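Chain nomenclature is as follows: A, B, C and D, assigned in order of appearance, with residue numbering initiated at 1 for each chain independently.
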Amino acid sequence: MVENPYLPKLAKIEAIKEETVDTRTFKIKILDEKVRNSFNFTPGQFVELTVFGYGEAPFSITSSPYEHENFSITVRRMGNVTRGLFRLKEGDIIGVRGPFGRGWPIEKIKGNDILIVGGGIGLAPLKPLIEYIILQRRLFNNVILFYGAKTPKDIIYKELFDIWKQYINVELTVDFAEKDWGGHSGPVTVLFKNFKLESNNIYSVQCGPPIMMHFVTRQLLSMRMEPEKIYFSLERNMKCGMGFCGKCMTGGRYVCREGPVFNYSEVKNFLETPV
Amino acid sequence: MSHELIEVKGVPKVEGAVDVVVKLVNDNFKVEVRAREGIRLLERLLIGKSYKEIPFIVSRMCGVCPIVHNITSVQALEKALSIEPYEDAKSIREAMVIGGHLQSHLIHLYLFTLPDLVGKKNILEILEGKEELVKTVLRLKRVANHITDTLGGRAVHPITPTVGGLTRYPSKNILETLLMESTLFKKTLREVLEPILEAEIPKFENRTQYLSLHDSRYPILEGKLSVSNEIFFEQEEYENIISYLNEEYSTARHYLINGKPYMVGALSRLNNNYSQLCDDAKEYSRKYRISFPSNEPFVNIKAQAIEMIHLADKIVDILEELTSKPLKQENIKYNIRPGEGVSISEAPRGTLIHHYKVDESGKIIEANIITPTAQNYKSIEECLQNYLTTLIGEKLNTISKEVEKLVRAYDPCVSCSARFLREH
Amino acid sequence: MPIFLDRIMKYYQLIGPVKTEKGVSFEYVSECDKVDLDYLGHTVLPPKKFFFPPIEEMFAYEYDETGNLRIYDFLEEVSKGMRVIVGVKPCDISSLLVLDKVFTGEYNDPYYTTRRNNTLVVGLTCNKPKEYCFCTYVGSGPSIKKGFDLLLSDLGDMYLVEVGSEKGWKLTKFNLDIFNEAENEDIKERERILLEVEEEIRKKGLPNFATIDKVLVERFLDRIWDDYSRKCLACGKCNFTCPTCRCFTISDEPNPDLKSGKRFRIWDSCHFLSFTKVASGEVFRKDRPSRFKQRIYHKFVYSINEIGSISCVGCGRCIEVCPAKINILDVLKEVIVGGKSVSAKVS
Amino acid sequence: MNKIRIGIFSLSSCEGCIVQILNLEDILLNLLKKFEIESRILGTQNRTESYDIAFVEGSVMSIDEEMELKKIRRMSKFLVALGECACHGGNFLVRDFNVGEILERFPGSETWYSNPIDRYVRIEYYIPGCPIDKEEFFTVFKSLLLEKFPEQISNTVCSECILKENNCLIDKGIACLGSITRGGCKAICPTFNRECYGCRGLSDDANVEGLLQTFKEKNIEPPTHLTLITRREGRKT
């Protein structure tokens, strides 16, 4: 019988970490050793995660590509699958398919300056890229991370920023600041005030709510960044992950198979405006 | 001087919400049976609507006996338009109605009444030790529903009956399957009737009048009206015999004959039509020494059981007849014309009257619907008053239980009846 | 023909066009004389439903007593038994060829491909087009060159049979007693009938669809779409009756014991608001025009990039079943002719 | 583990939806054994203080019913509206006061009402239909046990009708509302050659204007209750 790519591979929840009130990071270990060993991904790819009885939903892999035994996803409680996932505890069984899709263009951006822009939980698919960059720091030039969240409480991976700051520039902002918040406030675009394009050898990668990506892209274009160097990760209703079910199709492209990472010169010819 | 003695809020295990209040007025019991369902103004709602929509809307009066409401209205409208559908369509409708009766009786006898008879609280308590019985009953219920499902499209709020015939006719295959199922039903039914027929019921007599259809065959959808086998009259004359009255405390209308309460339902049907029963049904009533006419309201329960035997026989006959020859799958063609039609049928809970006046464009200009339970309210009240006098000295708790039991024996259907309208 | 079908039924499950009280539809056949090979045009649902059913159980899961989770793959059921589907018209065969390309490639859809491999296709050339047929304009009828194991042509008193594959050849080889060598005249007769059909469809005078994708790309923001989507009832019938539409959704259903359940896939329609809805509640095609366009653009534009050709096979089903009688040919004509508004018709 | 507690309640209605639940003969017994199901019609009230899931059938027609409903809400973790009356007030089938003639004949009737239950309390899920589809009820029931909310069905009756390979009733000149009505009933009425009358409410993106236009082109008279369906959903026709 043929291999059935729709069957989830069983996996175990190894650890659960509370990121914010409604966001958790799940560390997952695939049970079958063979499957586990062949599970390789590039930053930006996603898995289809099954909570049995609740269904399946796509989640970006958020752990470092150098982590082999486990991988992690960061989940905000939203729909049925996430509600089901939040009911589970360490040791419970879930299902995994994937990894699927096209991740960040690592080979292309090597040797260049990189601007990373994340919004809210959109930092999740960027995290493995950041960790890759840090581990291969000398392969990259200047690297800046702009990250925006709704309030200081909604910032995910809080404990990592200090580590990251040792290797790359990090700027944070929140939409709604509280008294003891010393940093920037406002949408992530406020961080562009002091930002100048110093060379043509710069790529930008971004992930966040559609509205954020819309404005950041406008901003970058107005700064004359080349369209093919502006990358983002699209969120769509990805079900099968293989370009069959048609639900994620945007402008004729399957986000699950041909994306979720696209550059602006690709999508600007889409008939539908994706961001 | 009046004070409230007992109040049963929301009698359990009946269809719809009804409260019973027992008052002591000048040392006499006064019972009020209060329908609590919201006023649902059905007749008024029908006015101005096309005759085609009527069967659809009226089945929504009641989720337990929607089929008979639906088909009775179809028949009344056919009379108003002066048409009569082909025999096969009529037979299929009758089969549907019988399916509805069977499932309604099964619910009433086993889910609602059996716990009373064996001194249990509800069906769950019966499950212990009697699980097989309940399983068989549920299986029978499924067959009864399957008959209405396949012929009517749906057991609750049927789809196919329409003025002139049916919107869709069953295939021969389907009818043959149903014949097989109902033959099995007929056989299995006898296995489960014993606990009902053998059960002890309170010995209590209450002389009253009994209204039902009366015909050369056991009546379901056709016949003259008969009051206690003494007075007979045509369906169209019902308004001369039955009068109504509104009670402030209830959302349902109350009815009287000769200014006195009367009873409708299985007991009335058997009192008025015992000789038309099939032999098997008669044999069972002899075997368990249940004789008709009877003046015992609790016998209504046993009457339903006896009636089921007859109906199960009848449905097999109908399906045999339908499968024995090619089925006429055709509706009567007709023109819309002004007219008036009354159709009276026997719903599971008793005599059901639908009466419509239609104008030249097929719109309803007058409608009157009298449901079985509405007719029974006065009888229930009278009966309870008499019953209570036999219970004097018992604990209040026991009395409440007995009150509930008697109300349940009538098999009331409150949502049907709640249509009383305060006239301004 | 009944003899042939009868013999097929000895070894295969037979699927064919069957007369029902509502018309003709493809069904499993238990008595071969129920097969109606004279059906006009096409069935309401295409034979696609036997390769990609409207609701399909994918797998079941269950926790056993020790708490281990087991998965039972329904694909095992799917791969059992061989089937023969007879009487498939060329337009429907073409649609299977489209689906073949869609469901294979970088990944394979095993549910679809298993059924395809288990099923022999006996085609039937078209002798008479129906009102909305336009197969000749998209090159999918009235006959076809590939995609069948056998291809029948009704010549009145007999069927001309063309063998299209090794499997098809075997089907005839074991039944040589009921086959005769075809004569040239028979082949000519078939050509004559096909030409007649082509001629009849040609009379409809449709524009050339060769460059339809380019025209559509230019007219993506035309008000044609607003006008039509005021008419479109967004009911999704066109999707479900289309032989090449194949979008689906996946959902889980637990059993009441909460320890087991099933996963299904169910046909979905790009006309429904929920189609692009994500967990956060965001809908990516909120307005009706954008959803109205998706089906047409997928078929005539995106498909070229995806499988190398448009994916409309000209069966006309979507026109026939549309409650608002939106005719995709009118839409395309208007797109080609250029912006003639339909608002006059609408208001 | 304690048994999951289910309450089934009825306000003003025909109780057909509860009968539909009783019609789940094959599984009813299992459900009764597995869960603590409380309902007046079954005589199984235990006066529990809380319910994991409460199903409420019927519309609110009096202050009493409003109070009862609010009490049920306070006692329940999940509240599900069961059937047309609870979901939409049963307006077009049961009671449409204030409509022309009735108001004329019965002054004062404007003070009567029949309201959907979400006018008074928060609802977790709707199971529409008159009556409800028993399989849909069971599906929702199973999901809620997992605290999962099945997707509110967003397809149309038409899309289910075509899966039955039915012929279109509109083509026959019948005023079928299938194209604007929320699916989930498996197109049962059109399958029995009867027009869809919209008992499941409008679909997510119902194009009422478009359907009226289609009716007009085909000389079909729209059913009188269409205005009620659209009115209660706050749309203009």
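Keep in mind that, in the parts below, a residue touches a chain if its C-beta (ideal position, glycine included) is under 8 Å from a C-beta of that chain, and two chains touch if they have at least 3 such contacts.
As the structure is a prediction and not an experimental result, all values here were calculated from the model.
Peer 1: Which chains sit in contact with both members of the pair chain A and chain C?
Peer 2: D
Peer 1: Determine the shortest chain-contact distance, in steps, between chain B and chain C.
Peer 2: When the steps are counted carefully, the minimum from chain B to chain C is 2.
Peer 1: In terms of Cα-based centroids, which chain occupies the most central position?
Peer 2: Centre-most chain by C-alpha means: D.
Peer 1: Tally the contacting C-beta pairs at the B-D interface and at the A-D interface, and name the larger one.
Peer 2: B-D
Peer 1: Measuring between Cα centroids, what's the chain most distant from chain C?
Peer 2: B
Peer 1: Using mean C-alpha positions as chain centres, tell me how far chain B is from chain D in Å, no decimals.
Peer 2: 25
Peer 1: Between chain A and chain D, what's the gap in Å when you average each chain's C-alpha atoms?
Peer 2: A distance of 41 Å separates the two centres.
Peer 1: Counting only Cα atoms for the centres, state how far chain C is from chain D in Å.
Peer 2: Whole-Å distance between the two chain centres: 35.
Peer 1: With chain centres defined as C-alpha means, what is the inter-centre distance between chain A and chain B in Å?
Peer 2: Chain centroid spacing, chain A to chain B, equals 65 Å.
Peer 1: Quick check on chain C: which residues sit in contact with 2+ other chains?
Peer 2: 251, 253-254, 258 - these are the residues of chain C that touch more than one other chain.
Peer 1: Would you give the residues of chain D that are in contact with at least 2 other chains, written as numbers and ranges?
Peer 2: 146, 148, 150-151
Peer 1: Name the residues of chain B that each touch 2 or more other chains.
Peer 2: None at all.
Peer 1: How is the touch graph of the chains shaped: line, ring, star, complete or other?
Peer 2: Drawn as a graph, the chains match no named shape, so other.
Peer 1: Going by the touch definition at the top, which pairs of chains touch each other?
Peer 2: Every pair of chains meeting the touch criterion: A-C, A-D, B-D, C-D.
Peer 1: If you look only at chain D, which of its residues touch chain C in the complex?
Peer 2: The contact residues of chain D facing chain C are 27, 30-31, 34, 139, 141-143, 145-146, 148, 150-151, 154-156, 158-159, 161-163, 165-168, 170-171, 176, 178-180, 203-207, 209-211, 213-214, 217.
Peer 1: Tell me, which parts of chain C touch chain D in their complex?
Peer 2: Those residues of chain C that touch chain D are 20, 22-23, 25, 43-45, 54, 230-237, 239-241, 251, 253-258, 267, 269, 272-274, 288, 321, 323-325, 346.
Peer 1: For chain C, which residues are in contact with chain A within the complex?
Peer 2: For chain C paired with chain A, touching residues are 58-59, 61, 69, 71, 73, 75-76, 79, 102-103, 105-111, 113-114, 217, 220, 246-254, 258, 261, 263, 265, 268, 270, 275-280, 282, 284-285, 290, 294, 297-298, 301-302, 305-306.
Peer 1: Along chain B, where are the residues that touch chain D in the complex?
Peer 2: Within the complex, chain B touches chain D at residues 10, 12-17, 36-42, 44-45, 47-50, 53, 56-57, 60-64, 66, 107, 111-112, 115, 121-124, 127, 131, 134-135, 138-139, 141-142, 145, 153-157, 159-160, 162, 167-168, 415, 418, 421, 424.
Peer 1: What does chain D use to touch chain B in their complex?
Peer 2: Contacts found on chain D: 10-20, 22-23, 25-26, 28-29, 32-33, 40-45, 58-59, 61-62, 64-65, 90, 93-97, 100-102, 105-108, 112, 114, 130-131, 188-189, 191-194, 197, 223-225.
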